[in-house]
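You will see two complexes here that share chain A, one where it goes with chain B and one where it goes with chain C.
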Partner chain A sequence: MREGTRIGFILLVTPLLLWLTLLIVIPHIDMLLISLRERVGVGEYQFSAANYLTFLQEPLYLWTFLRTAVMSVTATLITLLVAFPVAYYIAKMAKGRVKSLLFLLCLVPFWVSELVRTFGWMILLRETGIVSSLLQYLGLVDGPVEMLYNDAAIMTGLVYTSMLFMVVPLITTLGSLDDAVIEAGYDLGGSGPSILREIIIPHAMPGIVSGCIVVFMLSLGNYLTPTMLGGKDSLWFTELIYSQFIVRFNWELGAAFGFVLLFLSSFIVWAMLRLTGQTLEKTMG
Partner chain B sequence: MHLRSKKLKLVVSVATFGLLGLTQATSADTLRLLTWGGYAPENVVEMFEKETGHTVEVTKSNNEEMIAKLRATGGGGFDLAQPSQDRIAGPQAEFGIYKPIDLSKIDASQFITSMLEATKGNTTVDGEVYGVPHVWGTSGLVLDTSKAASVKDYTDLCSDDVAGKVSYRLKRPTLIGFAFAMGLDPFAAYGDEAAYTELMEKVEAKLIECKPNVKTYWGGGDELMNLVRSGEVVASMAWDTGGWKLNSDNPDITFVAPASGALGWIDTFVLPAKGKADDAAYAWINFVMQPKVAAMITDAAGNFTASKGADEFVAADLKARYQASFPPEAVDNIKWYPPVPAGLEAIEGGVLDRVKAAN
Partner chain C sequence: MIPTIPQSRPFRFAYSAYVILFFLYLALPLLVVTVFAFNDSQFPSLPWEGFTWNWFFGDSAPMIGVFHERPILRAIGTSAFIGAAVSLLAVAVGVSNAFLFTRHKFRGRGLLYVLMLLPLVIPGIVLGISILVFSSTVANSVWDSMKWDLEVLRPGLTLVILGQFSFIATIATLVISARLQKFDQTLEEAALNLGATRLTAVRTITIPYLAPAMVGAFVVAFLMSFENFNTTLMLVGSDAPLTIAMFDRLKEGSTPLLNAVSLLLMLGSSCLALIMIAFQRRD
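Showing the complex of A and B:
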């Protein structure tokens, strides 16, 4: 019997271990080695930390990273603000078929690829696009308005792209909240805001935290949305990595940027957890 | 006894068929072709497969991605690739991703001699030739002549007449084009990193100054088409074919060779270092360089090829557009890209990053 469970455990864990080592650990070690070498001549390399120094010394790269991080945090907060009422309505107010239907409506945009969704936003927002034409038709503006190629457009795209990843964990945690607890809150004289603050949000905290982590990471690592909607001013950190690898043939700097992104994003998530007094265990548990 | 002989027969026949299969496999290969959109049109691939028995797998890409892909595998995964001729010597010296071309297996009589010789010269590393020419074209200006008639050169994209209605790529051709339009000669500075850096700093200042004029930097051909077709952009730096395609929809829009000279590129054939179907690759090169086949590629891609005598088979309207954009003196003024020395991309990369970040 014990022998049997052992074999079962090994069989179950092998795919995971293979996945982790072959696709995550080994490539990352290789990336680390690449990031730690410097090109000294044609086809000649030597061990050095020059690539990481480049990141620290060139204000442009540091600035781009900061900008990406701040924009991602903002996008996460906006997504939370938009998604929370939606999730609350679906989990608590809607019943039966309406509930399934609303949930399905949240899912539908994700049946098409991110590229198509982003392109949809471009059609809406561009100078000769639908929103601009509508405003002109209504007489609200005189000439065509350009709504693409700015930070607001990037933000819209990011929030839209990551909505689902916030709504789903929120619905799950809010769904587990017993209605009787909320009723008891009202019976004890609580007002709407105080019940939200004292009962609902503390209960939904694991969902909020896991949703925020996912949305933040997705925004930080997003390439398509900022590049397409941001146009000439997009300036996103992943774009820098892409151009170092593909356009500049500078794998060394690209790999260093990759590691910087990995560490700084992990650090931001850790700092956020500490700031809000949450732990990863509580969120997962 | 009887049964055994039957079995034996079966084994022998299976083995024979198996061997037949093997010999078939060696004479008919799969050609994995890494190329640009339009360079291997469906009808040409079909003709080639019927004539030679080889099968062709086409992967569409661009210069940078081709080199990045080959670099990632050390020159494996593909049997024939088509980077531009200026991007062969540098990456070959740096990463060793190509193998020399056996010129005896190529029918040189099908090529325009001057173009073949120039490409051979530009793609020679340590005495070995690595590339032969295929498709050539230029980049210059695509203009809506009814609204942007004042634009004669790249630097005119920064004038107030077209403010907010301009687009170009944030890539190296833009840097080179602006440098020429500013009266500088970037190709002369290729060999001297310090001089090139200094020159690029001037271009950087110009591009930053010009940035408010730009609507957006375009990334792909289709994006540019949309911008120009919708009228949101009236003047852009682009490939000649893009302009000609738009011209067939709207006669006001066309390709114009800039006063400082259009930039000429030649896309080549190269053999990746670990390619497995060299025979099929040579067969493909000789097949598509036949004048009639080359004309079919010109019709699909919009650009002319290095095939001798293919011009007369090309559709008349394309020829007319070409002649309108390129009067003889503009052809003589084309600036052909010399090979990019390894390491220059890093200098240009810094400039492009700073332009992108500027406000």
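Showing the complex of A and C:
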């Protein structure tokens, strides 16, 4: 029996180790090594931090990086603000059939590819699009208005695309809040806002954190939405990575950019977990 | 703010209105994509030129429908193949991981569990480039030392499958583990008492119990693979899956053909979702 469990253990741990080492750990180490080398001749490389210096010294790169980070944080906050009342409504106000129907309706758009969702926003927002035509029909504007290719369009798309990942964890945590606790709050003389602040939000914290982490990650790493809705000059960091790898074929610089992006996202995730006293196992698993 | 606590009428009204607006916002883009799949025009925009099925069944230029558009059909086939391969791999590894993490206590278990969750917090594009970089490193060193050109490790189907698998496996593991944790292990012990070998017990008792979670994980994995864009974009070779093919067309300008493809995609994924829900219900 002992021997049997041992063999079983080895059989089970092998696929896991193969997956994690060959597809996650070693590729990232290799990427780090490549980002830390500089081409000095044909097929000759030497160890240097030149790529990271380029990133820090070139204003366009640094600016794009900061812009992407700030826009992603903004998109996360907007998503949270938009999603919270809806999640609360579904979790606490709706009952029975209506509740499951509303929950299902929230999921529906996300069974569809992000490309389709973005395409829908393009049809709505472009110069010949629905919104522009509607405004003209109502007499609010004189000519066609171009609503694509600006930051507001990117923001709309980002918030839309990641809505689900905020709504679902919020519904789950809010659903586990006992109505009696809220009633007790009222009995003790609490008002709507104070109960929201003292009872509901602290209880929903794990959901808020995991929702924010996922939405932030998705926004930061998004390529499709900024490219399609923001146009050629949308200045999103993933576009820089793509162009270094596929267009310019400068893998060393591209790898360095990749690491900078990875560093930022890990840092923010770590900081959020730290600030709220959560762990990755609890929020993700 | 719960039904048992009375609220003022304007507040309740405003709250309901907000929720309705939210659902309109969710539905709007999908609605316009659907409607313009039937517009008898070269562009998916107003004015409305009349209803047509041509973007599905048309077989002559300029209105070639989805079912006569070879490159799109081939891209759908490629996507389906990648999706099936990724899902099979992910479910297999997911089952194995679920058994490992719920049944075995060993040193380094906590560390491995965190490592297993990491792919979820690595941006997809970074996963893509790291695998691209590593596979080329391997392919180049094999070429330098043995003069073999390992085609498999150049951008193409294999790399796309591996790249998508690298994070979808985490999701499959979580879905399957969640169900295995609820399994009553005395059932398996009963089978052992009745003379079954350990393998037979797992095969006849535990695996059937896990089946709904395995089907669920398969469907979710398939949909995620079908929709994936970021990781795929970095690893794609000459045969592009559907999302990449559509993206390339969208960059050149769109025709209602893309709306028709999108509508088919929506129908396809709704069907899969319904199958999955039906499977979970039966249990």
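The rule is short, and it goes like this: the second predicted complex is superposed on the first by the 251 of 285 C-alpha atoms of A that agree within 3 Å, B and C clash if a C-alpha of one lies under 4 Å from a C-alpha of the other, contacts with A are read in each partner's own complex, and residues count from 1 in each chain.
The rule we apply is simple: a residue touches a chain if its C-beta (ideal position, glycine included) is under 8 Å from a C-beta of that chain, and two chains touch if they have at least 3 such contacts.
The structure displayed is predicted, hence computed values, not measured ones.
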Room on chain A for both chain B and chain C (clash or fit): clash
Chain B versus chain C as contact partner of A:Leu235, first or second or both or neither: first
Comparison of chain B and chain C by chain A residues contacted: C
Chain B versus chain C as contact partner of A:Ser113, first or second or both or neither: second
Contacts of A:Arg126 with chain B and chain C, given as first, second, both or neither: both
Contacts of A:Ser194 with chain B and chain C, given as first, second, both or neither: neither
Which of chain B and chain C A:Phe245 touches, first, second, both or neither: both
Which superposed partner A:Leu148 touches (first chain B, second chain C, both, neither): first
Which superposed partner A:Trp63 touches (first chain B, second chain C, both, neither): first
Chain B versus chain C as contact partner of A:Ser176, first or second or both or neither: neither
Candidates 113-121, 149-157 or 221-229 of chain B: the single one with C-alpha clashes against chain C: 221-229
Chain B and chain C footprints on chain A, overlapping residues: 126, 128, 245-246, 251
Chain C residues touching chain A - in the complex, by the definition given at the top: 1-5, 15, 18-19, 22-23, 25-33, 36, 43-46, 92-93, 96-97, 99-100, 104, 106, 110, 112-127, 129-134, 137, 162-163, 165-166, 169, 174, 177, 198, 223, 226-227, 229-230, 233-234, 243, 246-247, 250, 254, 258-259, 262, 265-266, 269-270, 272-273
Partner chain A, residues of chain B touching it in the complex: 64-65, 67-68, 71, 91, 93-96, 170-171, 211, 214-217, 219, 230-232, 342-343, 345-346, 348-349, 352-354, 356-357, 359
Chain C-touching residues of chain A, taken from the complex the two chains share: 4, 8-9, 11-13, 15-16, 19-20, 23-28, 30-31, 34, 82, 85-86, 88-89, 92-93, 95, 102, 105-109, 111-117, 119-124, 126, 128-130, 133, 160, 163, 179, 182-183, 186, 192, 195-196, 200, 213-214, 217, 220-224, 228, 238, 241-242, 245-246, 251, 254-255, 258, 261-262, 265-266, 269, 280-281, 284-285
Residue ranges of chain A touching chain B (in the complex, touch as defined): 39, 42-43, 60-61, 63-64, 126-128, 146, 148-149, 227, 231-235, 240, 243-251
